[in-house]
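Listed next: structures, encoded as structure tokens.
You will see subunit A twice below: alongside subunit B first, and alongside subunit C after that.
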Partner chain A sequence: MERTWNNKAWFMVLPVLLLVAFSAIIPLMTVVNYSVQDTFGNNVFFWAGSEWFEEILHSDRFWEAMARNLAFSAIILIIEIPLGIFIALNMPKKGWGVPVCLVLMALPLLIPWNVVGTIWQVFGRVDIGLLGYTLRALGFNYNYVNDPFDAWITVIVMDVWHWTSLVVLLCYAGLVSIPDAYYQAAKIDGASRWAIFRYIQLPKMNRVLLIAVLLRFMDSFMIYTEPFVVTGGGPGNTTTFLSIDLVKLAIGEFNLGEAAAMSIVYFLIIMLLSWVFYTVMTAYDAEQ
Partner chain B sequence: MNLTWMAWTLPTAIFFITILVLLCGMAIWEYASPGGNPRVGVLRFETTRGDRLFLSLLGSAFIHLAWLGLVGPNLWWALALSVVYAIGVFRYV
Partner chain C sequence: MARLEESTADGRTLMRQTPASAEAQIANATLARKMRRRGEESRFWWLVPTIYIIFLMLPIYWLVNMSFKTNQEILGAFSLWPRNPTIANYMVIFTDPSWYKGYINSIIYVVMNTVISVAVALPAAYAFSRYRFLGDKHLFFWLLTNRMAPPAVFALPFFQLYSAFGLIDTHIAVALAHCLFNVPLAVWILEGFMSGVPKEIDETAYIDGYSFPRFFLRIFMPLIASGVGVACFFCFMFSWVELLIARTLTTTAAKPIAAIMTRTVSASGLDWGVLAAAGVLTILPGALVIWFVRNYIAKGFALGRV
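Right after this comes the complex of A and B.
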């Protein structure tokens, strides 16, 4: 059958295009303009060409923040995705437990990011925080303020606490959409628990997992508020991720040109990695 | 309309006009030949001509960054390399 192409439907996306233009495209254009200039304020700019980009590409500070950010994203994806799947698989599918679990899972997502940071900042304190005090009482030398390892653990656990629920809810939505007939067929065939997961549940969760991985990667790669509130990027620079470094550069040092160049490199890397994730997972999905 | 806050320069204006012309060109191409010409190329998955433009632009940005980082600030060769890369993407991807 011949498909009918009606390109007039594209006019329907015009309002969205206008909205995106004002909220994303025009600011992005401004950042590009800033990245090739230098300013000392008062809306006076001097042409700098590719100077800021060269500076960023040769800056150890940038590559160290990038490495920290990539490590952070990798760690939280390795923890949150399997943990989210595991919790979703074990959540009740019917009865009163369903709304209770859904509400419990949704709670961390409802808390604003700066509040999450504040909660964990207090929670981790060794003098008044439940976590810090308990760990100290148990004999652990825990102090996220001056120990880089403890700071990393705190930031990672905080992120896992805050965002695993998103993965759980997405996976749960994928799981409840599987018709009972699949499970009945698996039971007749005598399929093991692992076989049911591998050949029924995992393929059915593929699309939601793609969204979960993409969202969690992009969010974790852009993380700012929570680590900023808890550790302020420290001790030293050990939890200074790209966004924290970017804000220090743009607002702390008022180095708008260099910060704009850094934003563009940061943006391009996020676009590339998101495209790779999306392509790999949709190609795998198509193969299935 | 006062756009001085956007700090426009001639090179950045030319850059964005080029992107706009490319997008308009793609829209006209789509109007003339609808469907996006999907095909499976060297990457072994289906791409439309929109995907190929995206890959060309993203790849070109990284070619320019790599040139700046590894060679130096003279970007004309990076631009030439990007054009060759874009032709390659549209031909083989």
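Right after this comes the complex of A and C.
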């Protein structure tokens, strides 16, 4: 749409600006403050310069949490995106099945995140949970509390359960926007199922897939509540992702300087990724 | 319009093919066979969605199942459905103020947040969809970064900020804190819906002598009513599912139900039945309203970009 130049529009944006600035800029300034200062208590602070940043960038703990988080994000993207596309392709296109599928599939997205954790914590328990009990009955030595591998599997399956529907819904929204004429033309040309997918459906889903990949990456990169409830970051540190580590550092150990420096590094990474998201999005919008 | 052009293009292809003789007939026969085969394939369309939905529903079913059992039954005998269904667990929640107040607290701050977010987002989204102004793109991007910001980064600074204002353990503190990600979300969703309304409508209204507020309330709002509904729903939802910030900013008087649940797990031991009942009750609001937004749900989760 052609938009007219009008700087008075700033007045309409002002309430949003003030409100979000209050919730975003002031807290971020506190974080910046802590990241360059040190204290021996009693609210006496002195300048520490870049010490905290050097410490965080040289700490194995930070890089390990980062590596775990990247591995987690990569695994769930590899599982959720193809699975989501596959399910979306098999969704009914019309009739009573459509609303039923949409509503049931969207349900996990609307469950409070700690309840998602609780559901899986209970579900996976070997004494009272359906999943844990069944696996034990089948002879698997499954125990997500003590076994790092089982803990990872549980957290990943939980995330697949929680968020694959987002990919399904987005892909489905892209698929239903394809006019019937495209399929008719493909049938006349005798196109194979794969060709229809590759040359008609996939190009039409490009945009929504882009959104899905970026949203899933961002949200999995800052995941906190669900793994915290299920595993508490354990066993040991094996499921301690960046956010869990940060909260441990800030609230558990009250190591404000290091936590603040970590927050800033974390936030800068998120900023960078958001920027990629935004530029790719707007470039796409401009093309259409 | 795109649809119309497509079908004419398609019609041309059809016409080109019909005059051909024997070759076309063979092609038609294979086509018919292909279409039949595809028809057979599509008879099993329900298989994949059904398996997926069963996978989604099993853990939820297990929670519901547990909520109707007594603790002895949960821990004693493994059963796929409650042998002696009881609503005692739900009664605990509905009669004990420390439980049901959690729901009231959650609903109060969630509603406050929804009203604030959508109210401030409406004019801003209008500005973004209709005007270009100094720094508009930077501002839009900055809003997005706040939607993407990890709550863990903000938990501690929020605590200190709201302590300084003496707002800890109040509903408004949580409502304002959740604006961090809900206002950007509402702006993005509403901007998506507003951009779908042709600009000619605004111009015609101004020519007809409508003032801006009257135009906005009388003409524009009804046109984007579904957008407002969807924005409200998503603000409600994301405020309802968030726990980290809500838990950090409250102690007792405004504690959300989700935080009360976690406390009960660790402290009073393992009252699994009540825990399950509380969990089921937190799923219900989403399950009840999801029907109304089913056609827009992808748009909402994609920040209005589908």
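One rule holds in what follows: the second predicted complex is superposed on the first by the 251 of 288 C-alpha atoms of A that agree within 3 Å, B and C clash if a C-alpha of one lies under 4 Å from a C-alpha of the other, contacts with A are read in each partner's own complex, and residues count from 1 in each chain.
Quick note on the criterion: a residue touches a chain if its C-beta (ideal position, glycine included) is under 8 Å from a C-beta of that chain, and two chains touch if they have at least 3 such contacts.
In this text, all values refer to a predicted model and were calculated from it rather than measured experimentally.
Asks: Could you figure out whether subunit B or subunit C reaches more residues of subunit A?
Replies: On the superposition, C touches more of the residues of subunit A.
Asks: If you stack the two complexes on chain A, which partner ends up touching A:283: first (subunit B), second (subunit C), both, or neither?
Replies: Only subunit B is touched by A:283; subunit C is not.
Asks: Contacts for A:275 in the overlay, against subunit B (first) and subunit C (second): which applies, first, second, both or neither?
Replies: Touch partners of A:275: subunit B and subunit C.
Asks: Which partner does A:265 reach: the first (subunit B), the second (subunit C), both, or neither?
Replies: first
Asks: Which of the two partners, first being subunit B and second being subunit C, lies in contact with A:30: first, second, both, or neither?
Replies: In the superposition, A:30 touches subunit B and subunit C alike.
Asks: I'd like to know which partner A:65 touches here: subunit B for first, subunit C for second, both or neither.
Replies: neither
Asks: A:7 in the overlay: touching subunit B, subunit C, both, or neither? Say first, second, both or neither.
Replies: A:7 sits against subunit B and subunit C alike.
Asks: Considering only the touch criterion stated at the top, classify A:166 as touching first (subunit B), second (subunit C), both, or neither.
Replies: After superposing on A, A:166 lies in contact with subunit C but is clear of subunit B.
Asks: Based on the A-chain superposition described above, do subunit B and subunit C contact any of the same residues on subunit A, and if so which?
Replies: 3, 5, 7, 26, 30, 271, 275, 282
Asks: Residue numbers of subunit A touching subunit B in their complex, please.
Replies: Its residues touching subunit B are 3, 5, 7, 26, 29-30, 32-34, 36-37, 39, 43, 45, 47, 49-51, 53-54, 57-58, 265, 268, 271-272, 275, 279, 282-283, 286.
Asks: Using the touch definition from the top, list the residues of subunit C that touch subunit A in their complex.
Replies: Contact set of subunit C toward subunit A: 2-3, 6-7, 9-10, 13-14, 17, 27, 30-31, 34-35, 38, 45-49, 52-53, 55-60, 62-63, 66, 74-75, 78, 80, 116, 120-121, 123-124, 126-134, 136-137, 139-141, 143-146, 148-158, 160-161, 176-177, 179-180, 183-184, 187, 195, 198-199, 237, 240-244, 248, 258, 261-262, 265, 272, 275-276, 279, 282-283, 286-287, 290-291, 294-295, 297-299, 301-303, 305-306.
Asks: What residues of subunit A sit close enough to touch subunit C in their complex?
Replies: Of all residues in subunit A, those touching subunit C are 1-10, 12-13, 15-17, 19-20, 22-24, 26-28, 30-31, 86-87, 90-92, 97, 99, 101-115, 118-120, 122-123, 127-131, 133, 161, 164-166, 168-170, 172-174, 179, 181-182, 184-185, 187-188, 190, 193, 207-208, 211-212, 215, 218, 221-222, 224-225, 229, 242-244, 246-247, 250-251, 256, 259, 263, 266-267, 270-271, 273-275, 277-278, 281-282.
Asks: Where on subunit B does subunit A make contact in their complex?
Replies: 4-9, 11-12, 15-16, 30-31, 34-35, 44-46, 54, 58, 61-62, 65, 68-69, 73, 75
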